[in-house]
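Just so it is clear, A, B, C and D label the chains in written order, and each chain counts residues from 1 on its own.
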């Protein structure tokens, strides 16, 4: 290290010869004792997930692994694969498409929920009232609440499962209550606009204390797995420089199948 | 879908209204029953990891989550964060730095091990002999075997742990034997060049039947978690446009700590 | 083309077999008759630059071609080159570093100047008064005006030259007057904060009617030339995976030299 | 600068307070005296283009500025723009799609032409004979010569113009002769496979002494201008997250028009 004045600090990983510590824990000790998702959570948030929320953390990441060929991220990865680009290039281009309109509703919904819970607490409101107050405020600013509605799913199975796991993990609190109250408000007004998976992820991440600023990372990280799969499939099954129209894709993978016995805890 | 002629096939994810299936399994059923790593493995390789190798798969991914501020990927992510770039940009730039000389030894080592095992089987050699034959062949072509030696670690704790978990999982076979025989060969020649973590990952991925062409994905995916952490830390602790010299970084995170009771299976 | 409903419009390039037209002009006719910069201007803005501003357009782009090894874009390109990444990857990573704090002052300055000229016109002020009013407004919002001050240059030679060429081209108008008035205001207050090259580019682009939203393109485009040069130099002169400290670089290129006779118009 | 041991060299740009020199020339002196293309050529190749080849250099870059909405680079830029990504992200993703199968024929053709001219010189052959020998060699290796044939253009107007300008510039030499001889060979065999614009660029760059390793930069650089135009158009004319099918695009820009009087030299 040089002069003190140019030193700077990092609290993520301590690297010494033959010793690596993530947030204080020996990496080789973590290996085999915790899951990859727990290691990712540790490095991103600074702490291991407490035991009760572990299944929720695994599911939170698992739910974004892939959504077929239509999302812009899958299209971008395949487009680059099709030009002869390598895996790093394809994944990078896919990641570059994760923005406000693709994945970004997680962060947007978190900001809205934080604001709504603040209103709720300051004004001593019930969730239904806070939902109405929040939506009124947003409307007066010409804004909509992110995380509601989906072009394809009217009852997203991922949302239902995240709700269920959040309840089972004991973290279903003010943020999730408010998120649900917003959905009910829309429904009561005769225009059903269900909480989508981005919104549900946002609500869960609020409950888990994750800052909105890095929340999109919990979409980017798992989706990289899907991007790798799309790269591999494009390379192994298709000719280069083909016209890739996602609307023309037909699924020909394994037929519907049940989870084998012994999977799960 | 349009005319039949322009249809193409995908075997990854089947998307229908309110139903999502990864490689045939309902995603909402997977959530809560399998881990994120298992979901990632499923989507990339096409099948769930068999029960005995699950801890190995978790560790294989966990071991690459982060390696501090010096790797080019961490530097690239911080550099972009420091210019005001967003999370997608920082992660993408980090991923773009994962190439032949950073992470790429995984694929290179796999190709070498496949070649060595072919020699071994064709000529009916013992691992030690096959190691020598392989290294002689590579030398005659002016090449070195990737996956050996590390600028910092002489006995990488991650390598030791991967070996141990591979044995415990019952997948320590010809590829890992050969990888170890190569290390012993170097050692016997008086120039110790230990199997590094890239090489160990490559050997494990050979045993697990993963194609070398996508092997770097098993480094890219987990390292994205580290990139997110570096982005977050750069943004929260540093001024923009600072000069980032990794050699000047000092670790100030949690002191060495033991895994809490109850962690691990 | 399919059904009318899914058709969309593009006004950039018309492509037919053996015929290519950029904004209406035959590309092969443009080749040899106009410069690359004019072609780039045509495709981005929709029209060829009028004759009098051609030297200014050439200079506007030429001034951003390179700024040595310290800018984040050069560092990012070299970092990726050093890992074995290809030219596309290195250039892309360099481009990803062009953000609010690196190049982005062009757009920020343009927004401020547009606002200042609006104040000037609405309130019938002289440039000096408008400069004061603008800075007061920004200050009251806790903001600073982008495009002033430089960590290295106190009298940036590029700024001086852009001013001179803008005058010679007859486009030195309200925006440039205001930009200069702001500089004079700082100076009169005893804290000299000269218009930097980003600010000067922003002022020129305001005069030329370019929308602020795409103004950073006039920095990205020319800097790509520099990124290519840094990639080529890193690859041809340096070892892979070296520690790249821009503060340690020494210039060893051609010594100062005069433009040869016959160069220039 | 620190200790001598860690110093490294750069020959591109010398940066001092208030003084910037590109390859030895003062940047502010270049501004207004040389074109942007000349500045780009200087920084990439190390020298200003000699006077006679200047129109050729301008045309070489101008010819790649854009090719409408179908190339992968335009699609990638629009895809990212459509997700809410910023200009840097969109341009970077576009650049990432410039690979072996998109733009990469320039480098491939250059390697083939260098090899062909070597055969020609070693064996004292005429261009027609060298063309045949080269193609026979490539065929015996199971390879095709890059830079010939186009999915759309049977007589690419850009190729014709580059040939014409190369002749007029006095640089039509062995490489271009060989490139033409290869085309004639295909034609004589009854399967016309015309030199495409990538091949013509490659031949010109061979004549100009540019190393094949950086040749794709002469496609990346100008195409960035087109990417900026596609980003701007996508943002100003289209809704976010639309399905972008390039086959559905209709040109609605300026109708065919003649170059105005006074344009060109």
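To be clear about the criterion, a residue touches a chain if its C-beta (ideal position, glycine included) is under 8 Å from a C-beta of that chain, and two chains touch if they have at least 3 such contacts.
What you see is a predicted model, and the numbers here were worked out from it, not measured in a lab.
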item: Which listed pair, B-D, A-B or A-D, duplicates the contacts of B-C in over half of its pairs; value: A-D
item: Pair joined by more contacting C-beta pairs (C-D or A-C); value: C-D
item: Whole-Å separation of chain centres (CA-atom averages), chain C against chain D; value: 22
item: Whole-Å gap between the CA centroids of chain A and chain D; value: 40
item: Inter-centroid spacing, chain C versus chain A (mean Cα positions, whole Å); value: 36
item: Sequence positions of chain B contacting 2 or more other chains; value: 2, 85-86, 88-89, 92-93, 96-99, 243, 245, 247
item: Residues of chain D defined as touching chain C within the complex; value: 1-2, 6-15, 17-40, 42-44, 46, 48, 51, 55, 57-59, 61-63, 65-70, 86-89, 91-93, 95-99, 152-158, 160-162, 164-165, 211, 213-214, 216-217, 220-222, 224-226, 228-233, 235, 237-238, 242-245, 247-260, 262-265
item: Residues on chain A engaged by chain C in the complex (per definition of touch); value: 85-86, 88-89, 92
item: Chain B contact footprint on chain C (complex, rising order); value: 2, 72, 75-76, 79-80, 82-85, 89, 92-93, 96-102, 104, 240-241, 243, 245-247
